[in-house]
Amino acid sequence: MYLCDMAKILIINGPNLNLLGTRETDTYGVMSLQEIENQCVKNFPKHHISFFQSNIEGELIDAIQRTNAEAVVLNAGGYTHTSVAIRDAIAASELPVVEVHISNISARESFRHTSLLSPVCAGVIFGFGVDGYGLAIVASLRLLGYDF
Amino acid sequence: MYLCDMAKILIINGPNLNLLGTRETDTYGVMSLQEIENQCVKNFPKHHISFFQSNIEGELIDAIQRTNAEAVVLNAGGYTHTSVAIRDAIAASELPVVEVHISNISARESFRHTSLLSPVCAGVIFGFGVDGYGLAIVASLRLLGYDF
Amino acid sequence: MYLCDMAKILIINGPNLNLLGTRETDTYGVMSLQEIENQCVKNFPKHHISFFQSNIEGELIDAIQRTNAEAVVLNAGGYTHTSVAIRDAIAASELPVVEVHISNISARESFRHTSLLSPVCAGVIFGFGVDGYGLAIVASLRLLGYDF
Amino acid sequence: MYLCDMAKILIINGPNLNLLGTRETDTYGVMSLQEIENQCVKNFPKHHISFFQSNIEGELIDAIQRTNAEAVVLNAGGYTHTSVAIRDAIAASELPVVEVHISNISARESFRHTSLLSPVCAGVIFGFGVDGYGLAIVASLRLLGYDF
Amino acid sequence: MYLCDMAKILIINGPNLNLLGTRETDTYGVMSLQEIENQCVKNFPKHHISFFQSNIEGELIDAIQRTNAEAVVLNAGGYTHTSVAIRDAIAASELPVVEVHISNISARESFRHTSLLSPVCAGVIFGFGVDGYGLAIVASLRLLGYDF
Amino acid sequence: MYLCDMAKILIINGPNLNLLGTRETDTYGVMSLQEIENQCVKNFPKHHISFFQSNIEGELIDAIQRTNAEAVVLNAGGYTHTSVAIRDAIAASELPVVEVHISNISARESFRHTSLLSPVCAGVIFGFGVDGYGLAIVASLRLLGYDF
Amino acid sequence: MYLCDMAKILIINGPNLNLLGTRETDTYGVMSLQEIENQCVKNFPKHHISFFQSNIEGELIDAIQRTNAEAVVLNAGGYTHTSVAIRDAIAASELPVVEVHISNISARESFRHTSLLSPVCAGVIFGFGVDGYGLAIVASLRLLGYDF
Amino acid sequence: MYLCDMAKILIINGPNLNLLGTRETDTYGVMSLQEIENQCVKNFPKHHISFFQSNIEGELIDAIQRTNAEAVVLNAGGYTHTSVAIRDAIAASELPVVEVHISNISARESFRHTSLLSPVCAGVIFGFGVDGYGLAIVASLRLLGYDF
Amino acid sequence: MYLCDMAKILIINGPNLNLLGTRETDTYGVMSLQEIENQCVKNFPKHHISFFQSNIEGELIDAIQRTNAEAVVLNAGGYTHTSVAIRDAIAASELPVVEVHISNISARESFRHTSLLSPVCAGVIFGFGVDGYGLAIVASLRLLGYDF
Amino acid sequence: MYLCDMAKILIINGPNLNLLGTRETDTYGVMSLQEIENQCVKNFPKHHISFFQSNIEGELIDAIQRTNAEAVVLNAGGYTHTSVAIRDAIAASELPVVEVHISNISARESFRHTSLLSPVCAGVIFGFGVDGYGLAIVASLRLLGYDF
Amino acid sequence: MYLCDMAKILIINGPNLNLLGTRETDTYGVMSLQEIENQCVKNFPKHHISFFQSNIEGELIDAIQRTNAEAVVLNAGGYTHTSVAIRDAIAASELPVVEVHISNISARESFRHTSLLSPVCAGVIFGFGVDGYGLAIVASLRLLGYDF
Amino acid sequence: MYLCDMAKILIINGPNLNLLGTRETDTYGVMSLQEIENQCVKNFPKHHISFFQSNIEGELIDAIQRTNAEAVVLNAGGYTHTSVAIRDAIAASELPVVEVHISNISARESFRHTSLLSPVCAGVIFGFGVDGYGLAIVASLRLLGYDF
């Protein structure tokens, strides 16, 4: 189902996502970030999937600026709704960025309904739990021209 | 990658999506709705994928009420942003519904930024062109418990 | 308590109300639409009570335009909050229309707090469950000049 | 149509409703508050209907707090749209409260379209003139379990 | 300049205006409410000027309902911006009501910019300090048909 | 004044416009829809003017999608203000669409001041009563290159 | 098609419309204001069409106040969206005023979507380029009772 | 009642007020501007009252800048609600300015409820018809220290 | 920890707070107002703590105006969000006022998020249950210069 | 007054609070952050009070995630009004968090009136200057079950 | 630092700026408009700097339309925030326009925060007092290709 | 044109400005940040110009707090529109801060139209490309008292 040629994809996770699997498991599920990352690697063995997490807004910008990946999967956490600076970093980058959220943000507090990042991302996936990461990788591969 | 057991999934397309591939191809791509449907059937041969399209809001509600599918993939087109009635139909149904849009609706006119349907859907996928349908089927299968 | 003379009253139910009693029974109760209609007929034996239900906005307009009833009891469901067209149909009709809702719409999502229909209806009744239909018939009879 | 067992219902009227029948009769009709109260007593002879009217917000709160009635019919007049304090009194009480308005408030000035009280009342009836009080008593009896 | 015939005018002052002259004298001046009332009597000797002050919203409503004056000068203080009930009392009364404020309310906090009362008053005068009462009496006399 | 060559123009009327001439004649005049259509045919004898009316939103979309006319004159009635789906149909069509309203919608309720359709129509004409249809046909002919 | 009797119609153009045909020709076309005026005279030879243009808001008001025309065609340019004073002049005049705009103002910046003038004009025409003037003259003649 | 010493007061009237007494007499009364001015001179014989009227915003600013009067009574008509420039002229002047309106602007269209000028005026008087000018002169004299 | 010198502090409780401990105990706890008052007296034996409760807005204003206490602890209940008049009473008083709420008002309905009183109070404490009263007394003592 | 058992409380200060006592002393007082921290330690000798300050949003999140304290006192400075990410960190933590501000934020610029953090904190204290920290520690101890 | 070749620059000042140096000197400084103009001439001797001031909106439009300057420096005063007509004049002109304000308009009343002109100007400079004019001339020269 | 005495000025650039000259050159030009900095040094040889760039919000705050420069030129990038914390740092600093943006932010997305920083900066310059830095240095020198 996937090409032999290796794609380089960077998965960036923002603030508080380092806590996945340990807290608020009703909302975010029981898998830890490490387990999610391991699963991504396992599910897409032909591709190079790398990972970055930080609670600091500017370090997420740094990561976007400096990556040599061909596509980015981004869960910017709480910065999704407040960061013009990350938006600018995405717009400045020449990479397709896939925005992902674990929960259905449209069904939560109203300030989570608006993403400053979506208009400059290639596409958006949310509400599917940690499966969203896998779906986002598939979407990224498609954007890079790989077969479904 | 997918279970042997067949899942029943209904793909519902709303107003103007019958025109896919013939008009506004810059925004919506060159594949016709028939070709998309054919591709869905071909890509998920182990599952039963059925299709419905109507320009009439109430017929979309009828389709949601009457389906015997286990999950629904819904592109409600322009009704996405205005239909409390479709929202109520989704909420009343006991099926997981995956909302999908071909274009990145967050990057278009402001009245397209708000979906009345999202809060009662399981999850949302938009911006990936017609690939969104395939991603939504995968997401639906995962929601039904099939392996990725 | 009611006049001997028979009044003709049409009960119109909009989208998803055909599901009454089968889904979301916490919000809408366990009586089916058929049972509600039967009860209305039984409780007001001296009057002619007729019924119409559709999920299609335009068919509700058709029903309002074409009825030969003397008064209308209308539960427009989700169209209550979005339909200028039904509002115009009510305003164009020369019948008293009583708006009714099963649930207390003011205690639900904010988009349900505003009814486009109320300003052109004679009066509004909501929050009393399926008893609302009976109350609305009584109100209609009073508007037509029948004793309480 | 009504049970033999007596229900205790308190009808509370707020500011300016003591003027009913004497002023603005185009909007509010020609019956005085005393006549309305007499009619309520006459129409529901098997039940104990009591009455309270005050122009003072806090006295309405006192009445709600201190009543030994089983249900309250409340026309809070102008306080409907401004009183968080009456809302809190209703929420704190353990009684079903039926909100009633004589005129169709949705067809008047925009500040009358929002009721702070509705979300904590059992249900709402408006637009039927002074008949609203009778309908509200019927609704209250139904809420208390009496037959229609 | 004024007619020999006596007019009956009631000056109503709302919450905190009993403190005039003792507090916040920068905003409200150094004259006490008693001194203002005395001055009104002295300046309009041919007319019957009476006075009422209360901090209680409902008592202001009572005063408007019960007065036998021919015109009312009303400084409703903080209730100006929040009281639908006083507005309704003014609308129900058949008297010309002149709204007056000591300070220039349009130059203060934004919640003071909107008066719920103005649309149902005959006219409004504000910003002229305690002179506003005298101007309002003159305006009332003119509204009653007395010469300037 | 008009070319010999025949232009094909479709006049689409939306919800409640089938009632023209029979109700609310103060606002909409006394001509029936049939009479208006007859007059259009009579006034533009060299051109092919066809007609469609429906109360159902989706059928209006169908009409726009399927017409072989060269231009459309559209009075979408109440759907003007709520229908993203009709807007999308207009945008998808390759025809010039002239929006027309019989009444001056800017002088009516505020929800009628905004048309979702206008931005994707060629132009807009409103306030001239049923003459608006004739003006819209002239405008359509001009858009198609016919002389004035 | 037009009556023999001569109607007097004044065409008023507001700020920057003296530049027509020389600048921003993509939006406003290549005809100069003089050419438009000549064409109006030529196309309606039986009627007296006069013209006025000014960049000064108050001079447009003067023109409306002083004209002895029977109807006015008004393109108020940028003042359309900001001038209560021109609105008041239209309302005070006893003439039918037809508002016209060359471009489709609903498809431009949001501050151009609201016209302060439309509610007091007889009707509105926009989006048809300089043809709008001719259509507006036809509309004016119809309002004055001339045949189409 | 007034001082012997002469005060110089300038009465400025803005757009469309030159039409007073000739049009919309229901709203603005039957006195012409000339008659109002004559009456002001007659009623305040000990003071020098001068007058200015213009439909042009900038000429009103000029008048405020250049006057040698000690106080200004200003009815800015439609510019009241839109002119930051007149506001700035008032703020820059060192004169007390009394804002006056003939009608009760709070009871008219919502765009008339906000005055950009009020916050920089000394005080405001509206709703008393043409008597407002006399009241404003009295208020001006009081602001200048003359006895009531 | 507290000074020997006695401070006089008045604890004012507004509408519905007389019900504390008897209703909605999930939100407000099980202590009655009397018990809270007793505890305040016991915990601050060196100071004079007095108490007032009323459901009537104007009586709360009276209490603020007439107290001879040196500081006020105020829980205005539902009036917190609607009373300009109480705000004015606080601003007029020369006492430090500490606003207190039992529940976390920022986590409840949106109309409870804004306090009209806070800007004129010395400080605000909310969310700590009935402990808020004790904290507010400590804060008041500190504002009066007593040691912590 | 406090328990012998030691509680662990972390005081977190956000951006610019390292400048306390050196700048804007009119608003924030003359005590330095070090002095405040010393005072906290001195006033609560039986408990373990620790401290953290950073200008970097993500480091405040790190501090909340990593602390082993039993309660947190948080003054997030300017991030209070903009940080969904800190809000998420508080919600994810299982600790009671007391929000504190030195100044009365409700009396300052409007963007300071809304705290994104308050709804997920246990309670809020503001306006008491640096005393707020001591009050917050007392409140924290109460939340942890220590006596007042 | 500047080229030998002469540039033609027009400095346009709008309403009330003729008062510079004589009134509100705290906000606008003590230099008169004449002195500012003299200084501009003196500081840029190699270029041709001309000047225009008017209080009349339409005359500012005339000036923009008719100038033969290569660039415009524009301080539109109060019209900055209200004039769509001046905006249109700037957009229609083919000159670079530099918007300048003497005061920091973002720190004043909220209606001064939005400039209708900025989006169609080349750039904006404000807050530097009368130095703004010199900076704007330098910026204009740079836009015209002169060295800094 | 500049003083001999050396001024110390710090140029702070925020997120993504390290990418200048390499990406989105249509909007931001082709000069790299290094080249801009070199040019600033070269153009102002008599003054000490230093530089700081970071993508991290808190580090920008640190830079403002710790600088020993006499004035700051600040391009805060995306933080301009979201950072109360940087605003507080500017307000706390005793330095004049000149806000600069390369592009015309008023002509871009609406969320870029509001700067949280402008009200506490001395002045603002935007839209002149990288020339804005030079203009800002000149403005800073003027604010420090150096000749133009």
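Letters A, B, C, D, E, F, G, H, I, J, K and L mark the chains in the order given here, with residues in each chain numbered from 1 onward.
Just so it is clear, contacts are C-beta pairs under 8 Å (C-beta built on N, C-alpha and C of every residue); 3 or more make two chains touch, one makes a residue touch a chain.
Not measured: the values here are computed from a predicted model.
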item: Chains contacting each of chain D and chain F, listed by label; value: C
item: Length of the line joining the C-alpha centres of chain B and chain F, rounded to whole Å; value: 32
item: Chain centre separation (chain J, chain K; CA means) in Å; value: 48
item: Inter-centroid spacing, chain F versus chain E (mean Cα positions, whole Å); value: 55
item: Separation of chain A from chain H, taking each centre as the mean of its C-alpha atoms, in whole Å; value: 64
item: Shared-contact residues (touching 2 or more other chains) in chain B; value: 56-59, 82
item: Full enumeration of touching chain pairs; value: A-B, A-J, A-L, B-C, B-F, C-D, C-F, D-E, D-I, E-H, E-I, F-G, G-H, G-K, H-K, I-J, J-L, K-L
item: Residues of chain L that touch chain J when the two form their complex; value: 56-59, 61-62, 65, 82-89, 91-94, 116
item: Chain G contact footprint on chain F (complex, rising order); value: 1, 43, 104, 106-107, 113-115, 118-128, 131-132, 134-135, 138-139, 142-143, 148
item: In the complex with chain A, residue positions of chain L that touch it; value: 14-16, 18-19, 23-24, 54-59, 77-82, 111-112
